[in-house]
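Note that subunit A is present in both complexes that follow, paired respectively with subunit B and with subunit C.
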Partner chain A sequence: MGLIENIKSFSIIENLSAEKNGLFQSFLANGFPTIKQEDWKYTSLKKIVANDFSVEGNGVTVSEEDIKKYSLGLQHKIVFCGGNLISKPSIDGVSISAFSEFESQNKDAISVLNSSLAKKGFTIKIAKNTVVENPIEILFFTSTKQDNFVQYRNNIDVGENSQIKFVERIQNLSDSKCFVNHFTQINIRKNAKVEYNKIQDNNENAILIDNMNLYQQQDSSVIVNTLIFGGAFTRNNLNFEQNGSNCDSNMNGISILDNNQFADNHTFMDHKQPHCRSNEMYKGIYLGDSKGVFNGKIMVRPDAQKIDAFQSNNNLLLSENATIDSKPQLEIYADDVKCSHGCTIGQLDDDALFYMRSRGIREKEAKAVLTYAFASEAVNNFTIAEVKKLAQKRIAEKLHVDLDFNL
Partner chain B sequence: MISIKNLKAGIEDNLILKGINLEVKAGEVHAIMGPNGSGKSTLACVIAGKEDYQVQEGTIDFEGEDLLELSPEERAHIGVFLSFQYPVEIPGISVSNFIKTSINERRKAKELDPIPAPELLKMMREKMELLNIKKGYLSRNMNEGFSGGEKKRNEIFQMAMLEPKLAILDETDSGLDIDTLRIVANGVNKIKTKDNAIIVITHYQRLLDYIVPDFVHVLHNGRIIKSGSKELAHELEEKGYDWITKEADKKWA
Partner chain C sequence: MSAKQKQTEEELLNEVTSSEYKYGFTTDIESDTIPKGLSEEVVRIISAKKNEPEWMLDYRLKAYKAWLEMEEPEWANIKYTKPNYQEIIYYSAPKQKPVLDSLDDLDPEMKKMFDKLGISIDEQNKLANVAVDIVMDSVSVATSFKETLAEKGIIFCPISDAIQEHPELVKKYLGTVVPARDNFFSALNSAVFSDGSFCYIPKGVKCPMELSTYFRINEAGTGQFERTLLIADEGSQVSYLEGCTAPMRDENQLHAAVVELIAMDDADIKYSTVQNWYPGNAEGVGGVFNFVTKRGICYKNAKISWTQVETGSAITWKYPSCILKGDNSIGEFFSVAVTNNFQQADTGTKMIHLGKNTKSTIIAKGISAGNSNGNYRGLVRITKGATNSRNFSQCDSLLMGDKCGSHTFPYIEVKNNSSKVEHEATTSKIGEDQIFYCNQRGIGTEEAIALIVNGYCKDVLSQLPMEFAVEAKKLLEISLEGSVG
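Showing the complex of A and B:
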């Protein structure tokens, strides 16, 4: 049986409230998105949803070694095992608990499915004027014998003048397929600062659809870094909404894919207020038969005067069979704004390659150094040393070189 | 050190080098002069191993090794260095990281461990002093936004760090003001020992006032048509190339 049938059976056991059932029925009306929809034109879920996934399967244990292996070794850790919160740090001004209900505005099928059925995930509240120096690691482990579909639904509320950083990783520990529908909503109140790092380095049986909404109030500043190294299929929907003046929104993305990996970054930057800034930089490196998609939309509403928005998407195709579909979109309804975007698709520069080889750097290593140089503009924006180091290590590993890019 | 015999090379069907013979011994400085399009840079690129050029005939022996059988990086590992006429900008890699990687790649080829950081830094400081290079330079991206003079100085800095046996300086003087020219030339002279050799490719006598050659060769239409002592460079500066090239053209017509 396909995923939809299994989800239907699951929903019956769940005994949904009228409201949730309404949402679920609206999901069922059209089912999973298909390539006929503009937002999914290059991203097909057809083969994935044909799998006989069990829904919200149990039976997970996670060992200390697993945690150690997949953690960056940061001081604060939130650990989920099969969707259950198994450990959390105690930090002044920060309350961390398991899933609790919240509403979301998203109308797309995947988000609606999440809001109708998801019951696992975290709720984090940061009191106002709380500055958390050390970043918080959030680890989600899954490991079921059968192929499995799971949904997490997370909510973060960052109080006025507070500052916090997160590093998130979803890890499948089994050889079965795991399809995660991940939904995270973050409210960033006045003058708060948030950084969220997504380490998407799952195994080759992992499928991820990650939706993140960020609602910013005035004077707030947000950075979201998306690092895609692993996983079979990854789709990110990253939505920023500026609801006050003088907001900063930053997105840095680095993807390095090989074999048959697929990754799609969909971003939506909604400028609704004046005197705000947004800066978006996505770098993609494609090897083997990998495939990438980038769709970045910047919306500048009529009230969003004097904003400064920048978007870039640069791609390096390192094999004959790798492909990238890139689509920048600008929609501007205000007249006094600075808006620019750029998209490039290219290969390594032969002259630079010869230059390096003439200095004794072997061809494979020279290619790796040039590839890293290409990515470094985004990597250098990573503020957490452990995240930057991981990126450097994984890029070297994926290019099969033993080089330390850090000096 | 290097012995080039009857070297014929070009790009696709276009033969640029039409039989070069050149012998350079350790401790020597050779200048190769010649008009535009005579094949000077092609010769430099063929020695360094640029794959765009195909060698059709001839041999290059470097200390007993058949250079033409080696990749560009292997040539660098055994001590060949080319200072580029147009050094390439590599955004995203700092000068120090680039040089560290070059040195360690060569050490790896010789089965040596990576150079210890303090040793590398000490060496960098010494060589920077040699070329009047300021400290902040090491963290700048490789050649990115460098002036012409800075790029050439960076080439010689790499030469100083890599300590090659044979350095080929391809128009290192072009784009340099007289002060920078002097600094760069002095740097080269300090690197020069009785055990290494330099081939200087230039249009002008000017550089040869500072880096004094033991031999001067005139390259024209893919052949060395005249060789002599450093006085030949002075003669060329006065009379131009016409007087020799015309004679040669008659001979090869």
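Showing the complex of A and C:
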């Protein structure tokens, strides 16, 4: 049986409310998106959803070693096991609890499915004027014998003038396939500062669709860093909405893929108010038979004047069978703006390689150094030292070199 | 910004939006039209009127059947009321068809029209050294210099004549680059096209003059469906120009053309268009729907270069493309698209890299003013076998006024790791500091804008042949004289 049938039988057991059932029916009407839809043109779910996933399987335990292995060792940790909150830190001004209902505006099939059926995840509220110095690590562990489909639904509310940083990781501990439909909504109030790091370094049986909505109020500033190293299939939908003036939105992405990995970054930057800025930088490195997709859209609404928006997507194709499809878009309805995007696809510079080799550096190392240099523009934007270190370590591992890039 | 400056800006803006379309006259020429509507019968009538051979009728009927099953595309970022295809007259021809050898016999009304358009089919052409084929409504009415060209073995004639005189060439190449089933509008065109230009440059011949087609919609309620087929045989070279105008009418007229270019090994084709169809009035009423399919195929070492200056049409839906099939072939696309008032343009290009060492360059400049919307939509596809291929794309947009929009939708697909692709796009308005710099040096705001816009479009305008560059510059000035800074 395919995933959709399994979800249907799951929904019957769940006894949905009329409202939720309405949402669910609207999902069923069209099912999972297909490549005929513009937003999924290069990303096919067909093979994935044909799998016989069980829905919301549970009953896993996670050992201290596992937590240690996959954590960055930060002071504050929120740990989920099979979608259940098993440990959380206590921080002044920050309330952390398990899933609670909230509405979202997303109309796409995947988000609708999430809002109709998801019942796991976290709710975090940060009170006004709270500055949390140490980043909070959020770990989701899944481990089931059967192939499993799970949905998490998270909500963060950051109060006025507050500052906070998160590092998130979803980890599959078993050898069976795990398909996670992850949805996170963050409200950022006036003059708040938020940084969110997504470490997507799951095992080769992991499938992830990650939807994140960020709603920014006046004077707020947000950074979202997306690091894709692992997972078989990753799709990120990152949607920024600026609802006040003088907002800053920053996105940094780095993907380094090999074997048959697939990663798709969809970003949508919606400038609704004047005097805002956005800066987006995605770097992709493709090895083996990997495939990358980038779709970045910058929208400037009428009257959102004095916008300064920049987007860049640079890709390195380092193997014969790697491919990339990129679609940077600008949609501008205001005239007094400065918007630009740049996209490059290419290889390492032969001259630079020759220079290094003529000085006795072996080819593999020379290539690794150049590749790291390519990625470093994004890596250097990571403010949390542990995240930066992890990126450096994983890049070296993926390129099969034993180098410490931390110069 | 001072109040005074603001006032002048507003005045200037008004001036831009009120610039008149100067080709909006109609000409009273008796014409031979068939009843409106489209059916198999109509396709047969058109074919019969042209006295076409059986294979041509079959081709049309096949296309018509394909069209019936197709749906009008909706993916473009444009909004319009779909034309009622049963309300359009699919064939209209001026009754008097002049014979080329005796231009003096030409209908004086028609002659007057040509003078108004600024095209003279006789003396001036000899000076300008341009051979012109004029297509009015659906029929080619005059072709000049046919004999001079024939000496070199070049065939330049209306496509309906070519079907009669050179059926082997037409049969071999028609529909090979743009198949009838390619899209909704190409299928429609394949079914009902009534005329257009045909050009064949034999092996190793360098065409001694610019070839040119001038399109004119005259009759009310008609659609124009012309077909251009240009074949440059091995090692030949040709530069081709295309211009178009239409009368001012309150209704929307449909123009669905197909252009096919074939550049054999080592051939070089340069195709330039100055598109100035009636854009509708300042309220957005009327204007031409320009739904055009243009595509060229390059064999080994061949080169196709598209240059377009788009100032007209209520709606433009047009993507001149290059299929770089042969190794070392080159595709180029240079475009300036100006939209004003309520015009909408969704235009760009496709570069399909199939051969090794293929190169493509895309320079697209968009200028949007008034309530208009301009879109760049382009595709660069590097296939697995296109080793060492190279693409550079640059799309810039300039916005004038706060009600217009400008959008960029590039698609980049790379399946080969030895290829390099670069794409960049910017959107901005003319900087206040740039205007200030000019003002300071005694250049009025209006001249300063002309200067900046001209500089902005220079990369593209410099690609146009002389005769066209002048016309294009003038057009830009009319479309944009005086705009906000």
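Please note the rule applied: the second predicted complex is superposed on the first by the 407 of 407 C-alpha atoms of A that agree within 3 Å, B and C clash if a C-alpha of one lies under 4 Å from a C-alpha of the other, contacts with A are read in each partner's own complex, and residues count from 1 in each chain.
As a working rule, a residue touches a chain if its C-beta (ideal position, glycine included) is under 8 Å from a C-beta of that chain, and two chains touch if they have at least 3 such contacts.
Model, not experiment: these values are computed from the prediction.
When both complexes are overlaid on chain A, the residue A:405 reaches subunit B alone and has no touch with subunit C. Contacts of A:346 after superposition on the shared chain: subunit C is touched, whereas subunit B is not. When the two complexes are overlaid on their common chain A, residue A:361 makes contact with subunit B while staying clear of subunit C. Shared-chain residue A:39: touches no atom of subunit B or subunit C. Between subunit B and subunit C, C contacts the larger number of subunit A residues. Of the two partner chains placed by superposition, only subunit C is touched by A:338; subunit B is not.
Of the two partner chains placed around the shared chain by superposition, subunit B is the only one that A:374 touches, whereas subunit C remains out of contact. The residues of subunit A lying in touch with subunit C in their complex are 38, 42, 302-303, 305, 315, 317-320, 322-347. Within the complex formed with subunit A, the subunit C residues making contact are 75, 397, 399-429, 484. Those residues of subunit B lying in contact with subunit A across their complex are 48-51, 71-73, 75-77, 81-82, 84, 87-94, 96-98, 100-103, 105-106, 109, 158, 162. In the complex of the two chains, the subunit A residues touching subunit B come out as 349, 351-352, 354-363, 365-366, 369-370, 372-377, 403, 405, 407.
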